[in-house]
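Accompanying notes for the structure given below.
Order of writing sets the labels: A, B and C. Residues in every chain begin at 1.
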Amino acid sequence: MTPDEPATPDALVRAVEATLFAAEEPMTAEAISTHLGQAEVRGALAELQRHYEGRGIRLVERGRHWHFETAPDLAHLLRREKEELRRLSRAATEVLAIVAYHEPVSRAEIESIRGVQTAKGTLDVLMEAGWVRVAGRREVPGRPVIYATTPDFLAHFGLKSLKELPGIDELRAAGLLDPVDDDMIEAALGGGESADEGEDDETLTEPGQNNDGVASSGESA
Amino acid sequence: MDLLADTGFTSDAADPEWDGVAAAETRQEALYLEIEGWEGPLDLLLDLARRQKVDLRKISILELVDQYLTYIEQAGALRLELAADYLVMAAWLAYLKSALLLPKDEQEDPSPEELALRLQLRLQRLGAMREAAARLMGRDRLGRDVFPRGAPEGLRVERRNMWQCSWFDLIRAYGDVKVRSEPVVHMVRERMVMTLDSAIARVSSMLGISLDWMDLRDFLPPARDSWANPQLRRSALASSFVAALELARTGKAEIAQEETFGPLRLKAVRA
Amino acid sequence: MTPDEPATPDALVRAVEATLFAAEEPMTAEAISTHLGQAEVRGALAELQRHYEGRGIRLVERGRHWHFETAPDLAHLLRREKEELRRLSRAATEVLAIVAYHEPVSRAEIESIRGVQTAKGTLDVLMEAGWVRVAGRREVPGRPVIYATTPDFLAHFGLKSLKELPGIDELRAAGLLDPVDDDMIEAALGGGESADEGEDDETLTEPGQNNDGVASSGESA
């Protein structure tokens, strides 16, 4: 839309604007269209997005869902009123990043990247926050559960899609998002059985319980 | 281990938002005490690597291995109960170090250089995710930096039933009702019957005329006009039968039957 | 403000816009002002109100409190009706037919004709469908409510008037009353399960239970 946008928007633009303003949850273009009797709404969404550029609120698309939100540069004005978000543990933030950059991933893969076992509670916290979901099982022996992010995750972190994750292209180019396949180091890291991708609930092998010999050698090293 | 409280032991679920173990600490003394501050050997390695203040891709693995082993040694000297996985890593790194120092021609497959490279990659991967997490958390977050509408009116979809019924279903339903209700509502009024009284009157008057045995059926009215109705005939038969029993009971008639289901015959009793 | 409103609103207008958008309750000008460090916000409120005139949402002042709301002419978008096709139950179809053939009828009369009790819900469904209406009360003791069909009923079934409903003779000719004779005989002979069809309701009369005398007379005849 050019600066000479009409002073009064057309009926469809108004309808889409009102619908998204009133909606309690972000809506896909399809849902808006259904709500408005199958109207083609993409043009209206684009026009609205342009119209709100530079205003105190803006129209954004997050994971194919659209919603209005306040402009980010006004955060300092609004933040004080709102209660702080629940703070995530360092482990939880790392796990969340791993799920987002590697999705879908199994818990064993997350643990392999982090080099430590991940408490079940950490994934639960992320699922409770609505940012991570179970995305089925990987069709490999043991059929491990795999995890992926949700549209809420994109909405919360202001991402149109996972492609907008900061630095994801560089990380991929550097091979840092490739699947881990490194049994040797895996063993050294105490994770031991890298094939042990089975159910989440079981504690993975408690490292170093039968390793007294190794332990003492380490001490003397 | 009282130290745990001070060092913010990271039990995955409950540790505070990470502000960087490495940044908080410089003195060697403190370093020993922080063994529980790391999330495992890889975490510690990454932290040590960062202290080299070079790109992780250019890190000296040999130097890193030395640092790790030194650290573990010192921690052991302070008689900290080192977790086994730290010791396993120490053993593996000690092996890696010796392999790296050996002459090339005695090396196994995979080569120690290859292993060092893989370790480096692991550190890079973890480092990358740690940075990514920090950048993610630093974004404009919905509910913290940007806000959705505070009091949306909400969209309601109200379901309304569109009832369907065909003309035929309607008519057939009425037919069914009629069919079902007619016996109940109209049976007594519409159904033609021969009453017991009229049957007794007819049978006794006919018995008075005849002297011989007569079949019960012969007492029925001739099957003409409405008496041709099979239902009325059944009624007449039943009533006449009861009339015959009644006349026999009062001693005005005799009843005889030759065989089961055979014809029932009637004769007047002459007083 | 004239129609040549600046494309980009000034900082205060944006701040007021975002504040009111994110607010969970309508705010007074004073509250907004306090929130924004004692800025004078009346001008900004007026400018925003003008800006949203004609859009899908508007800024309104109610009892000195300001808030955004959906434009009144678009209020219907907030409550959308979704229609679901549902087939009338057998019981409801029968009741509808009885009302059509006998209107106006009371519920007691419907029950008497059907031979089964009629759940209140059945008539409610027919009224929800718009085919049956309350047509007053019968002036007899108890003043029962009487029901009749509606113009919608005629429209739905393509009838000009109730006179177009087929008569009893036509029903018989169409074979729709065929089971009558069988049923009567069965009832007379004590079979009598023919009324046992009620889906929603209890059978009132149990026909043909005391006909043993006739049966045995037939046997010995």
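FYI, a residue touches a chain if its C-beta (ideal position, glycine included) is under 8 Å from a C-beta of that chain, and two chains touch if they have at least 3 such contacts.
Protein names from UniProt, one per chain: A, C = SMC-Scp complex subunit ScpB; B = Segregation and condensation protein A.
Worth saying up front: this structure is predicted, and the values here are computed from it rather than measured.
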So, comparing each chain's Cα centre against the centre of all protein Cα atoms, which one is closest? B
Compute the centre of every chain as the mean of its C-alpha atoms, then state which one is farthest from the centre of chain C (SMC-Scp complex subunit ScpB). A
Chain-centre distance (mean CA atoms) for chain A (SMC-Scp complex subunit ScpB) and chain B, in whole Å, is 28
Taking each chain's centre as the mean of its CA atoms, chain A (SMC-Scp complex subunit ScpB) sits from chain C (SMC-Scp complex subunit ScpB) at a distance in Å of 43
Rounded to a whole Å, what is the gap between the Cα centroids of chain B and chain C (SMC-Scp complex subunit ScpB)? 30
Multi-chain contacts in chain C (SMC-Scp complex subunit ScpB), i.e. residues touching at least two other chains, fall at 18, 21-22, 68, 70, 77-78, 80
Residue numbers of chain B (touch at least two other chains): 147-149, 153-155, 157
Hey, which residues of chain C (SMC-Scp complex subunit ScpB) end up touching chain B in the complex? 18, 21-25, 67-70, 77-88, 90, 92-94, 96-98, 100-101, 112-115, 125, 128-129, 131, 156-158, 165-166, 168, 171, 174, 176-180, 183-184, 187-188, 194-195, 197, 205, 207-208, 213-214, 217-218, 220-221
With touch defined as at the start, can you tell me which chain B residues reach chain C (SMC-Scp complex subunit ScpB) in the complex? 147-151, 153-165, 167, 169-185, 187, 191, 216, 231, 234, 237-238, 241-242, 264
Taking the touch rule as given, give the residues of chain B at its contact with chain A (SMC-Scp complex subunit ScpB) in the complex, in rising order. 10-18, 39-43, 69, 72-73, 76, 82-94, 110, 115, 118-119, 121-122, 124-126, 128-137, 139-149, 152-155, 157
For the chain A (SMC-Scp complex subunit ScpB) and chain C (SMC-Scp complex subunit ScpB) complex, residues of the former touching the latter: 3, 7-9, 13-19, 21-22, 35-36, 54-57, 68, 70-71, 74, 77-78, 81-82
